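As written, the chain order gives the labels A, B, C and D, with residue 1 at the start of each chain.
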């Protein structure tokens, strides 16, 4: 059973390889009567597209999305929505030297062994290019959530050992505006400069570096999440871990919480006007796998990009020793372009659970 | 759409509340002709059951499992396997004081708000008691994996700020034997003593503390995992995050890897006899979402148990301020009993993906 | 991937063998706050249970159902509902002579060959005894649908070549009352007598005979059904075909409709007060796979029971010729007991699609 | 939860409207290393395409399929396969008069009421044009099955009241060759002529007529089908009922079997060399929901096409009386073009179950 679909009620299926004709996605289950703002969707793709700045890969793709079905006179019709993104700049010959050689810490060896065949050009299906389809689908999910007032915002909170301080979020729009002021997509300007300089120096070394993205879901209603397995944070975790290069996920108090005591970790409930809140938010907005109305907060760890501009020892398909020299066009640090991907995957999870929650009670409570 | 099933081909559905008549699980998709060792399954449950030692809850449950279907003359028949675990020690009156009060950092408030009704006794469905059903099903998955030589071993690697050193695993059996020498289930004896003392002191304070469990999958063949969404580590992550009290998951280099450079992080391939290996294992045995034949390594962070023996401020169902005093029987630290749960959920994921991988190629390669 | 679950949002998973300890079902996805009338559920089971009359099998089972989870103080809680039906009268030794012999037109040969092992006692998992679990789950679905005014009624419309005339349905309750006046469950009393006599004569011959069940869904709202694959009639068809002994399904004009012309077959829309209706109902209440508000009407064909009281030639597991004499306790005609099964499966489909339809539009319209 | 996917392991998701830019399908789960014969796939589409003959619609579509992903150097790679079929001849203005009027026995009213919006052009998503995507995917499934020697053949067995005699199938290729000799796709030449004349006369009346398609699966191994819900015939039934205009499905003895006695209906097992067979095949090749190695035989009933060239009374979206005159280009009888659709859906079911059966036993037996 293959694994190219995600979500239960708001369900996407992606297709396409890095150097094939096109990539894309079918979204099945988006409710009808939603206004589709194609400019917004394209804007989200633009934040992910290659060639944005000196600290991203120089591959050039306009990543222009077309909607081939499911939308009529600007509205969703309840039928499957097909979004197509043609590939343009497929410098496949850059990859000819990799045909039979397994690049270290890439998916070449595992794909080759699992499937017995692989499209080696640019990593084929294992390329992060596939995430453009996720961003397109996620943008539609965001449009759906915006009708409910739910906003999802992420930014780069760490690059290498450089950590941004916590940024207070007044409004989603302001946070994003601040973040988009700099090419590394960190909402703290001072840290952003430091990060950019560091990435640029790493790039000049022909090396790469990892980082972290922090994400917040604002105005999420109480009740999203389906225990015992499809807890909201479990589905968020799977979504994030399915993004290329992700090696870790934590929400609320996360790994640090494991060294705390219950008496300091417990979030005390209070009534704030009509709204129930907690004084602290170590729970990260989720209790028992269900959103509790507080901001949902989680963090995603990305490993350094495996393609470096150094010579590296490896083996080939025959098992013989080989050497690989880093060619192709790659990112020195993946996190600036990962921000819209994290947001997109979060939006897909929240949209899916928002729909799922509609069926919780006999009397619908939405 | 409710969320009480897990897995695609080796699929489980659990049921039951903490103080209902029974909990249990249906396993659908276990291949036929597997020898069912009921003593082994019961042995796994015994590692999770309450009342094992001074550092676990004093609730008494024998957790005796019965198989009501799907096994004939000691072998699986390919039909659904139903495992039933009756509840015995349901001191429900301990919970009467909680009927209308939301315990801090528990699931009371979210269940109440989502469903409009909840079985408040002992946390009802949100209780970790449900994990007994997972351990029973996971034990069957382990039996299936053992026929392929695949072993899964976990231990407590941190309690509070006490971290165990890395333990080299010679064999699964020896590792487990060492771990079972102490009541905290840490494979490093010196650290284990320190942990036990610490938990005991926390317990005497009426407080609780978090910890981490590290898990290793040994002899996993190359090829398990289904990109792009059902990557092996994404499904492991979801499985772990679905366990009560888990706040974080990382594999391979994990969160630390996000501060490394590509040149130090890349795992170099070598040929070791007939076998392909990597010199380092920052990939944690998974590349591109597919197992690469190296040991699969991941870590799970548990928050401190929310029930403490202190008076705590909270609100009730009417939104009025209330006070809650910790009664009931609970664990000062959940990780010793979480070890078999982590192993069980890992076994369920690996078994599921082992079956899924059977269909990868036209010519079966298993 | 095994196939013991049915439904997407109102999802059941059944387990159990004919002569095992128990059979049962988990229902996952039933909305919370539904009043559970256990007497009603038991009443539905009583209509299916063996030993009801001279024209059913003489196996004695009380088929007493217990609910082990998911219901609290008489209401569903949104958590999985487990229903258990113990087996009582397991005269397994009746089946010892069948251990290695394949009964004609039974599932012995296919189970044996597929799984390599089978519980031969009473047909094991292939026995229609499993349908008791469906009836229990279907009764809960009916209770859910009754809150929406939706009723499902079926009766025996043919036995052998004896066909009942069309019966006008004034109300569901009256129709059922009339049907339950006779042991064959035909709503036309004159035909019922004829059918009973015929079945009794067939029984005395040691033979069996097939028949048909007609089913009607009343007060179904417009909009249920999810094209293009999960059309309402496609899911009804699958549900019916999954019942033991069913060989055919048709809705609306059915097979006869294939010899009609469009000009006579088209159902003309009219407005009847506020309600849209069609003058004829060749569409059977479903157009384009979606309910149109007219009564949903379909028919299910059951083959004659394979177990007869004659000596029959067959082969054994070694492929040698063998003879089989019909022992055990079986029905001369399955349709009287099939009526509640057909209704139950229809209820499961309608409940599932009623929930699914809640997510069709951005603004919920239920 | 929307319903545009079909199959579990060999899983397709279709998209597209009759007069949108394109229709197509993603196939997820096709094993790697399968040779993709694009000419064969196109050939199957050619049998379904409009404008073939005087007895089909005159809409002109070349239905040229392009594969955008998942195939590399002529072989499947195990990644999702995207097939795109652009729409060419979209005479949408033919449908402007239908914008607000509900055509009798079409899906206009139900789509309008369910979704609140619909693409009215040519029926939008409810058009049988969508089945081209199924035929493309089904052709790939057939290629997969051919590697196992499994063949699927169908033909038109009835048009109106004209029934073809049973045709003995010597080989799949010969049967198809015979069938393709005539434009109605009936394998019995004499009956074919009669059918063609009849359809042509109906067409001249501006009317339409229904018919039946019979289908045979040859060389199917024993063991396909997953009781208790995903019985092979239940999934075949759902597949067929999901095709536009289908009102009935039966396999083996079907509806006629319901009037037979067990003593005449039972299929006696015999050993024919090494192979187990049954003397008769009332079981239609499936027992207990699992294939038994005999030819699988089923029949599908199609209602007459709803679009006729007569004036018809109906209502509009406001509920007012309206008249509709049949314009557009439509088929007088759908069954000649339905033959490849029935085969395609059967192939998808058999391919899916062939993969599912691979996981039945601990030791793979394929």
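We adopt the following convention: a contact is a pair of C-beta atoms (placed from the backbone, for glycine too) under 8 Å apart; a residue touches a chain by one contact, two chains touch by 3 or more.
For reference, the UniProt names are A, B, C, D = Chorismate synthase.
Remember, predicted model here, so these are calculated numbers, not experimental data.
Counting C-beta pairs in contact across A-B and across B-D shows that the higher total falls to A-B.
Relative to the C-alpha centre of chain B, the farthest chain centre belongs to D.
Here the CA centre of chain B is 46 Å from the CA centre of chain D. Centroids built from CA atoms put chain D at 39 Å from chain A.
Distance from the chain A centre to the chain B centre is 26 Å, each centre being the mean of its Cα atoms. Multi-chain contact residues of chain A (touching two or more other chains): 1-2, 4-5, 8-9, 14, 29, 32-33, 78-79, 114-116, 125, 227, 359-361.
Those residues of chain D lying in contact with chain B across their complex are 1, 9, 29, 31-34, 78-79, 144, 147, 227, 355, 358-364, 366.
Listing the residues of chain D that touch chain C in their complex gives 1-6, 8-9, 14, 102, 104-107, 109-111, 113-116, 125-126, 130, 158, 160-161, 202, 207-212, 222-223, 225-231, 233-235, 237-239, 241-242, 247-255, 257-263, 265-271, 276, 278, 282-284, 287-292, 301-308, 310, 312-315, 319-321, 356-357, 359-361, 365.
Chain C contributes residues 1-2, 4-5, 8-9, 11, 13-17, 20-24, 26, 28-29, 32-33, 66, 68-70, 72-73, 75, 77-82, 114-119, 124-125 to its touches with chain B in the complex.
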